[in-house]
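The data blocks that follow each hold one structure.
Shared between the two complexes below is subunit A, which has subunit B as its partner in the first and subunit C in the second.
== the complex of A and B ==
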């Protein structure tokens, strides 16, 4: 019944979350006592917000990949060293994922999960992850441009369940996978069938969302084609790299940035090898033994970032790595906007 | 909504259930000092499982608590139960390796990366050009080619180091120089007493040999500056950039194309390299 539709009430959703929180690790948008909203583990389902929400940190970072992932444990005893895989993944559900975050996960499914060396940790976590997305039907945030990049505001695949707010205290539920199907079949009382009227209302909301003033404001396809053939606009790159303070925020908040560093840390009489996020905008990221640094100039690293995201990802994975979430601009202290780069090419 | 999919046909996909980050214990069976900061290590795997590799590949060596370092395989057994590495002491992991003794244990995973193409160059003359510890990865290739000596034409080994005391694998260079059709030429940047070889950078050795650019394959390994000058000199001599082959060294963490550190343009040094021809490197530098 993939891509089957049903509906549920707001109260039904809260009931579902209340049940899920006891069965699995449940993450959902919640506002803490300081007024910050983020994807956090659910203790009380009543605190979950049902509005569409774009977290500051993408879910692929916060939940799936983890900012720090413990990988191996080395233990020395009686002169012998043993090394063991740390495999502590448990069933997890993310509720309220925005489409741009889903896209980030779909990108990482290929980058980490496949290719010559499928990543053990990523795939273990991913197998146990269920994604309930909420389609974006509200006017976009200031820096969002997912529609221009073809990555939103609705998902057409990749979700387990996609919810759309029908505005009448009810959500349309699209079932996208067997994991989604399982959730529906385990709580039959909470999901109700849909009729022609609901479908028509949903279609109208969907069309309205797509017509919100965000589409075609950059010409992505044209830009990416130019970028593969011609060098980047040097003046713009110079300006960007002069302003950039190499803080790395753009990398850390991007749902498709995947680079990591690996460190060994002492822990309870043993050593834990763990990986953590890294940023190609740091010169130390490239530095080698003996002090040689392949990209000493900020402009070289800036160029690397835009080529990686826009050109190489397209060549390697079929589409640009930029999904248009706008987080890099949201978080940049000097307002560097990847849209400027894309626009300069189109 | 576009679909992300891997456009390159993945060659050898590992078993997805395997944790590739997990390494095997390896025991040091022999240590030899090559110069003031380089040591040669022989390893065997107590698990007795075969270890299969080709010249130009590298492994990730782990030291408990300090980290991992990518190191080129210098031996050329290709199929066996062990391997040899030569390591320069520069930082945490490499210093700790130098402090180990025979019988001590490290953890190794790999082999990773592509390898030097050489089977397809049978019948060609071969020019090896090494600078400093660049001889470490080349040694594996030299010994592999020497095992099929009759299949190749003339061999030259040009080796440059800072000073005579810095030369590595001196005894082997001497052994190679005695073989038929192998010419070994050494040079140092600054000579000390008793030095009988050439003085000057490695490119000055080019004047001493006659090679036919049409029928020669050159393998180049050394510090970036040497690579740059040697490549220019080879092009002047009429070598086609696709016949000049080198290994690249970049910062590397995972060795399996995930951590991003070793990006060379749109390629990864660890999985697409570390061996590249200059023709390839030119296309990678195009964005720079």
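== the complex of A and C ==
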């Protein structure tokens, strides 16, 4: 067995999942009786789909946080105030995570976890999370463009284990962290060493995936550079905001949209504080305490979203926030495509 | 370890009927995901859908039965509350006769529950006084389209809009009220379809419309007659279709003769040439579809308006094929279903008339009773007046809030207060529940099994995802217990058992079962037998349910209350994107409430200047029936001379202003037109 690579059979994976599901909260892609696929909790390992896929919701929303997260409860009784933290996240493994989702989690790691005020809830949950990704050998759907955004189809960092389908009933396993190593070492019988032949086959698959035409969809660097100095095409923005029906899906399904709203709910003499996923496409998101709304027009908010995602994220975090998963288009009722915006610039 | 499950169910807001998953972690709803494969949602939802479950576990939920004593509520046991209720209702039926009772079903509740409440009213208490809020939205559609086509529902299916060549949208702010239909109309327009929007407001769809005809409120028969005259004069009518599939054409032709574009312009304010041009575009396409909603139905001429849309479709042969038709969009998750299963005063489930002895015999046999009442019952909107007159003494309201939803609130309040006994079964203590003698805590859509029927006649499952709070019970279980206590043994093992009975007695649902509904996200009625695949569009090849399609020759009649010197503005009311009806659910959903936290009036800059209204100021608005205070939104969205107020806000209820004038046939109120002024009613 080489240090960072090994392999396992499809049956071996099922056995591993069967074991994990009894030890931790295990989430993996499963298609239900209605034909819908999602990252769902595993009850029967045989139902897990070994094909890479892309759920509607990114893993950060599906598993790490819900759309609503209860944070704390404070209660006043007999003149005394007590505050209880509501933290219910227990040890969790996500299997079959697509690369775009991993990239989303890595973004959130910085956004919530590594800035001036590290987020208690995020970091606590993140520590208990193990990520087993499956590299996207072919794009899960037509709206994918991770390769041109530099966020896929193979992950280069951040995974605990990354699996690649070798197409012969076997998966290449890359070990990316000590959490990953632990999984391998605890189930030694399921992981087998790899030889030169497998590595050659794997490299060929990897190159093939990266060479797909999607790589050339968009000239990202050029577009971002243009965007930094020139205004966005007004006609295009107008068309987008005219079409937009303000559903919020582009924010709700984006793996790197992290804005939230905090609401206190009175309940049985106490208060429960909860955090909700928010959307910058709503005007109330912008409204200030005095009632003034700095971005009253939808076109202003549309422009803001693209600048935030593509330019300001790069300034703040070193790379654009768009990982190229295409979820905003998947779930948009009027087919608004961020690629159109990027293409208009380069 | 925690358990996370995903439960597929149907959205409880508008009639689109989107499918989504409730994500439940250890008994708490933590999120919603749209279904990818669902034919309507297709991975999308609107803002209400995405935020569609926050209210479910809100701390304000009713958890115990309440009994009012000395003007104050106290908690009671189910036994105590139900004994009191049954005692009062039975006593009242004995003393004042069955028709001194009335029952309101609910477009928010399931088919099973509405079926049972009508069974409770008819089989147990022997009155046809059962109705629900369809009376306030599409009573005119049900009456109008049933008369001319034989079936009072949306003729085509939601996905067919994508292939339309021409879409005429009138009285529907589709992107706000039926967002996933609105989005398809936008996509059709982007793909080249021509949109004709006839609406006094500059709604979002006008951005894609070739024609935006801003009619004066309440002049719909006139502009449709005008269009038809142009079509006939220019020989653009579908002569084959008219000859083979319709009757009454000659009378129609004679009646519309005088509606020249110029004459129509005087009535409607629509420029003559624009009307004629739009009429030509509509008539020349073989894939022209009509979409309408409350702007057509909520008038004293509601039935006339609806029949006129049918005239227009038949005249141009645009019905009975994909991407055509007359498409009333139903506003509530299950308003179609509540009508289908007979929560109406004149019909049993499947629109089987109560006055037909054969139908009474059928239901007497099915229910094991005798002496089902043969007189048509009273509609929702007549109840306040009848209560004031002392003719209705006890009222049972399941999941409705007439104190906010019905016209002329002061009159409604007077009516409800005149009752001897009022029961309200709901999930929150609504404005109406506050007036009740007994309040029963019920369940939301996320806490029970059942079915909803969407606007495209799709019967879909809802599924229990979480436990009801406190002592709250499923609506159907409450009804069963009341019936049993009143002496009629009503017992079902599950919602499924109710559906099985319902399908047996309802021809259009006859071929449906829970097993079949599991597959392919439900079935569209009519589905008469077990092999039937359901029906995508009605009246195939011009073979109407009633035989031949019936043209209706209709003269224009003005609204009841027109502006005058004292009340110079026309008020039109409606809904707004982020809120829903009487706001009981959306005000308890943080994102939705944040977007529109208070009531407002849309007023044109010309009128704002004329009446000295400063933008964003709080102003009083009055009609002959009341005054409310609202925030002024000075905007070109509304034409001069007309103002718009959403009706969601109990704190500034638009229905304090609206008029309780009704369509003579459908008894639907004229929510869309009354006269108001800026300022108070100080004498």
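Operating definition for what follows: the second predicted complex is superposed on the first by the 334 of 346 C-alpha atoms of A that agree within 3 Å, B and C clash if a C-alpha of one lies under 4 Å from a C-alpha of the other, contacts with A are read in each partner's own complex, and residues count from 1 in each chain.
Basically, contacts are C-beta pairs under 8 Å (C-beta built on N, C-alpha and C of every residue); 3 or more make two chains touch, one makes a residue touch a chain.
Because the structure is a prediction, the values reported are computed rather than measured.
J.: When the two structures are superposed on subunit A, do subunit B and subunit C clash or fit side by side?
T.: Pair status: fit.
J.: If you stack the two complexes on chain A, which partner ends up touching A:334: first (subunit B), second (subunit C), both, or neither?
T.: second
J.: Taking the superposition as given, does A:15 touch the first partner, subunit B, the second, subunit C, both, or neither?
T.: neither
J.: Identify the partner contact of A:266: answer first if only subunit B is touched, second if only subunit C is, both if each is, neither if none is.
T.: Both partners, subunit B and subunit C.
J.: Answer with first, second, both or neither: which of subunit B and subunit C does A:278 touch in the superposed model?
T.: A:278 sits against subunit B and subunit C alike.
J.: Of the partners subunit B and subunit C, which touch A:120 in the superposed model: first, second, both, neither?
T.: In the superposition, A:120 contacts subunit B only.
J.: In the overlay, answer first, second, both or neither for which of subunit B and subunit C A:231 touches.
T.: Only subunit B is touched by A:231; subunit C is not.
J.: Please work out whether A:109 is in contact with subunit B alone, subunit C alone, both, or neither, and reply first, second, both or neither.
T.: first
J.: Under the stated touch criterion, which partner chain does A:245 make contact with: subunit B (first), subunit C (second), both, or neither?
T.: second
J.: Given the overlay on chain A, how many degrees, to the nearest 10, lie between subunit B and subunit C at the CA centre of subunit A?
T.: 80
J.: In the superposition on the shared chain, how near does any CA atom of subunit B get to one of subunit C? Answer in angstrom.
T.: In the combined three-chain model, subunit B comes within 10 Å of subunit C at the C-alpha level.
J.: Both subunit B and subunit C contact which residues of subunit A?
T.: 261, 263, 266, 278, 287.
J.: Subunit A touches which residues of subunit C in the complex?
T.: 1-6, 8, 21, 23, 25-26, 28-38, 43-47, 49-50, 54, 58-59, 175, 179-180, 182-183, 186-187, 190, 204, 207-208, 518, 521, 577, 590-591, 594-596, 616
J.: Show me the residue ranges of subunit A that touch subunit B in the complex, using the header's touch definition.
T.: For subunit A paired with subunit B, touching residues are 71-72, 74, 76, 81, 83, 85, 103, 106-107, 109-112, 114-121, 123, 150-151, 155-158, 231, 258-264, 266, 271, 273, 275, 278, 280, 285-290, 292, 294, 300, 303-304, 307-308, 311-312, 315-319.
J.: Which of the residues in subunit B end up touching subunit A in this complex?
T.: 1-8, 10-14, 16-23, 25, 64-68, 88, 90-91, 94, 105, 107, 224, 249-251, 253-254, 256-261, 263, 265-266, 271, 287-288
J.: Show me the residue ranges of subunit A that touch subunit C in the complex, using the header's touch definition.
T.: Its residues touching subunit C are 24-25, 27, 32-38, 40-41, 55-57, 61-62, 66-70, 88, 90, 242-243, 245-249, 252, 261, 263, 265-268, 272, 276, 278-279, 282-284, 287, 291, 330-335.
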